[in-house]
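Two complexes come next, and they have one chain in common, chain A, joined by chain B in the first and chain C in the second.
Moving on to the complex of A and B:
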C-alpha cells in the first residue's frame, strides 16, 4: 500500500468513524438512562438526513435552518418515544422496552417508505467546492465538516457531563435513581432529556453524513448495527468507549475495503462485533461494573 | 411537623408496615428502633415517597405528602439518608455534594460546600476523590453531608451506624448531636438501640410492622428488658 492509500484510508475511516461514534453516543445516552438498547437509533440518523433534504429541497429553507429544524424534529421524536411508549411501561422489563423500540424502528422505516419512497434523498455539502488533495489522497470538504463537528460535539458532551448541573444530574440518575430522587431530581424528566439528546445526536449524524452517502429509508438498521458494534467494541455505557469504538470500527472498515471486496464491508462490522463480544464481553476499555457511570469519560 | 397516621405499606402480598402512627415536632429528635424486617426502612421510604403507601396518611407541615412523587417530597424539605449509604461512587466527593443541592437548598454552591466542609473537614481533603473509593465511615459522612447541603427541614437517617467500627459510630453520633444543637429536626432509624435511645428525645419500638412501645427515650431505657424482648432478644441494652 502506498502512503497516499494509507492516508486515504485514514480519512475515510475517521469520517465514518465520527458517524459511528455519534450513533454510539446516542445508544449510550438511552442505555444509561433506562438500561434499554434503543433499536430505533439508526432511524434517528436516517430521519435527520431525510428531513433536511426535504426541508431544503421541497420547503426551500436555507441549509442552516433546515439542519436546525431536522435536528429539533428528531430530538422531539426522541421525546415522543419516551412520552408515548417507554415512560408508560417504565416498570416493564428491559426486554419489553427493547422490543418496543424495535417496533418503533419498523414503524418509522415503513412510514418513510410510504412518505418519500425508496429512492435516496440528497442535499448539497455544507460548503461547495472541489475536494482537497493532500499527498495524493482526496479529502472531501464535507468530510472535514463531519470530523470537525463530530469531535466538537464529543468535547461539548464531555463538558456537559462533567461541568453542568443537568449533566451531573443525568449521571446521578444513571448511577442510582433512588438516591437521585432523594436529592429532588426529577428522574422522569431526566430520562426524557436523555431521549431528546439521543435523538438530536442521531439527527445530527444524519445531517452530517447525508451529503456524502445520501439518505435512504432503510439505512437505519445498518447504522444502528454499526453504532452498537462501536459501543460493544469499547464497552457499553461509556462515552469514551463509544468514541474509541466508533473510530476503531470506521478505520477497520476502511482498511477492510483495501483487502476485501467492498460489498463485505458490513459483514466486517458484524464480525468485529461478534469477535469483540467473544473476546472481551465487557469491551476493550474495562469492566461491566464501571459501565455507564463514567459517561463523563 | 411530620405526622404519620395509620400507615400501611404492602409490597404485593407482603405486608411490611401494618399500622404505624407517630409524629415528629420541629426541633425534635425521634428514633425508630426494631429488629430486622420490622418495617423501619419501609416507614422511612413511605415518608420520602420511595415506597408505596397502601393506606393511612402522611402530613408534612400540615400538607398531605403521601402520593406525591419522591422528588417533590424532597423539595419540600424532607431528606432521607438511605440505608446502605448509596453514594454516587464514580463521581467525586464534591460532585456528590453538589448533587445534594442541585435542586434543593438556597444560596451559592460554594457557600453550601463550605458549610459541609467546616463540619466534615475530612471531606474537604478528599473533595476530588471518587466517592466509591472512600472508607465506609467517610461514605456515611458524605451521604449525611449530601443531605445537609440541601438544607432539609427534617433529616431522616436509615441505620447510619450499619457496618461501621465503634469509634466511627461514635463520630457519626457526635455529628448528629451537633446537628441537634443547631435545632435540626431528626428522624433516626436504628438497630443499635443503645445508641439510638441515648441520642433521641423520644423513641418508637417497631416490630412486625406495628408500634409496640413509644415514649421518652429515658423511659424506654428504664424498661430495657421489655424493649430488648421486642428487639428479638438479640439486642441488649
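Moving on to the complex of A and C:
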C-alpha cells in the first residue's frame, strides 16, 4: 500500500468514526438521565435523514429550513415517546424501559416502511463541489461537516453536563433518582428533556450523514449497533467517550480492511470491542460507573 | 294453449341453464397461485410484478384463455418473509393450483423448495441467484436470467468492448454477491482475464470508501459491481468521489431506478447487466408496452418487473397447453418449452435445464441522463 492509500483509509476511518460518534452521543444523553439504553436511537437518526430528504425533495424547502424542521420534529418524537410510553412506567426497571424503546424502534421502522417505502432517500451535500485532495487521498466535504459539528456538539454537551444547572440535575437523576427528587429536582421534566435533546441530536446526526450514507427505513439498527459500540468502547456516560470510541471504532474498521479481507470489517471491529471491554470493562476513558464509585469513596 | 307455451318456455330455460352449467363445469378455470411480497421490504419488487401477472392473465383470458379455459389467479402476500412464503405455497397446493409464480427473494425460494417436493407443484422463480436451479429439485423453474450468464456477459463486455485487460470486483456478502463472485472467478480464469482485486462489501453498509481504496490501488481497467440495495448507490458515489475513471459494470441489482436516482451524477456512464433496455421495445414486448402505455401514459418505459410477471403467466399457459390441461403433467409440459419467445427473451426448459432464458437475453445498458439506454443484447 502506498502512503496515499494509507492516508485514505485513515480519512475513511475518521469519517465513518464521526458518524458512529454522533449516533453514540444520542445514546449517552438518555443514558445520563435515566440509565436506559434507548434502542430507538438509530430510528431517530434515520427519521432525521428521511424527513430532511422529503422536505428538500418533495416539499421543496430550502436546506437550512428543512434541517430545522427535521430536528424539531424528531425532538418532538422524543418527547412523545417519553410522554406516551416511558413516563407511564417510570417505576419499571431499566430493563423494562429498554425493552419499551426496542418496541418503539420496531414501530418507527415499520411506519417508515409504510410511509416512504423501501427505496433509499438522499439529498445533496451541504457544500457542493469536488472533494478535497490531501497528498493523493480524498476528503469529502460532507465529512468535514460531520466531524466538525460532531466535535462542536461534544464540547457543548460537556459544558452542559458539567457547568449548567439542568445538565447537573440530569446526571443527578441517573445516579440516584429518589435522592434527586428529594433535593427538589423535577425528575419527570428532566427525563422528558433528555428524550427531546436525544431525539434532536439523533435527527441532527441523520441530517448530517444522509448525504454520505443515504437514508433507508431499515438502517436504524445497524447505526444504533455501531453507536452503541462506540459508547461502550469509550465508556458510557461521557460525551467525550462517544467521540473517542466512535473514532477508534472507525479507525479499527479501516485498518482491518487494509490488512484483512474487507468482508471481515464488522467482525474485526466488534471483536476488538469485546477484547477492549474485557481488559477495561468501563471503556477506554472510564465510564460513569467508575466515577460514581470514586465519588462514593 | 297459452299455458302450454309458458310451460315449454320454462322447460327451455331450464335446459339452457343446465347446458351452460354443464359447459362451465367442463371448462373449469385453471388456477395459478401467486406468492409475492406485497408488503415488507421487498414489496417494491412484488407489487409491480403482481400487476404484470394480472395483466397477462386478463390478456390471455380475453383472447380465448388456455384451451378455452380461463386462468384464475390466487394471489397471496408473503410479506417478504420466508415462513409466510412456505405457508402460502402449502395453502395454494391444497387449493389445487397448477403452479405457483414467486417468490421474489432468493432466501424465500430456498425456503419453499422442500414444500415443492412434497406437494409436487412447480414454481416459477424470479431470482438471478445461481444456486436455485442447482438444488436437484425438479419443481423449480427460473423465470429470469441466471447470474451464470450475467457474469459472463459482464466479463465479455469488459474485455471485448471496453478493451479491459484486467478487472476488479466489488460484491456484497449475501448469496447474490458471493455466488456471482465465484462464477466471475471461474469465468475470468477461463477467459484469461486477471481479477486484480476483489473486495466484499457488507450488505447494507453505509460506506464503501475503504473497499474502493483497496480496489483502486490495484489500478483495474474495469470494475464489476455486484450487489443490491441502498449500498449500491453509496458505492457508486464513493467510487466517483475517489476519482475512479475505470468503467463500472453493475449487476441487475444495481440497475434499479431508485439506486440510479440516489446515486445521481455518479451513476452517469455506468454499464449494467440486465434483462431489458427500456428505450428499445422488442416485437414480443409490444403488446405489453401498449397495455401499460394506455394505463400509465405515453412516456411509460417497461421495467424488468413488468416483463417477468407477464412472461411467467405465459410460460405456464403454454406448459398447460402442452400437457393437455392435465395438472399432473404441468412439469412435463414446462420441460417441453422450446424457444418460447416472450417479453424477456426466448425461454427453453428441458428435463436437464430449468434455466429458461439464455445468454442471448442478457442486455448491457448504460446510464445516460439518469435513464438506462440499451448498448448490446446477447452474448
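The working rule: the second predicted complex is superposed on the first by the 266 of 297 C-alpha atoms of A that agree within 3 Å, B and C clash if a C-alpha of one lies under 4 Å from a C-alpha of the other, contacts with A are read in each partner's own complex, and residues count from 1 in each chain.
One rule holds in what follows: a contact is a pair of C-beta atoms (placed from the backbone, for glycine too) under 8 Å apart; a residue touches a chain by one contact, two chains touch by 3 or more.
What you see is a predicted model, and the numbers here were worked out from it, not measured in a lab.
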>> For A:23, using the defined touch cut-off, is the partner it touches chain B, chain C, both, or neither? Pick first, second, both or neither.
In response: neither
- Given the touch rule stated above, what does A:196 touch, chain B (first), chain C (second), both, or neither? neither
So in the superposed three-chain picture, is A:265 touching just chain B, just chain C, both, or none of them (first/second/both/neither)? second
Is A:232 in contact with chain B, with chain C, with both, or with neither (first, second, both, neither)? neither
For A:121, decide between first (touching chain B), second (touching chain C), both and neither.
second
Of chain B and chain C, the partner touching more residues of chain A is C
As the complex stands, chain C meets chain A at residues 40-44, 173, 199-202, 204, 206-207, 209-211, 213-214, 217, 229-230, 233-234, 241-243, 258-259, 262, 264
Chain A residues touching chain C in their complex are 1-2, 5, 8-9, 12-13, 15-16, 19, 113, 117-122, 124, 131, 138, 140, 209, 212-214, 216-219, 222-223, 253-254, 257-258, 261-263, 265-266
Seen from chain B, its contact residues with chain A in the complex are 48-50, 69-72, 74-75, 79-80, 82, 86-91, 95, 98-100, 102-104, 146-147, 150
Residue positions on chain A within touch of chain B in the complex are 165, 168-169, 171-172, 175-176, 178-187, 290, 293-294
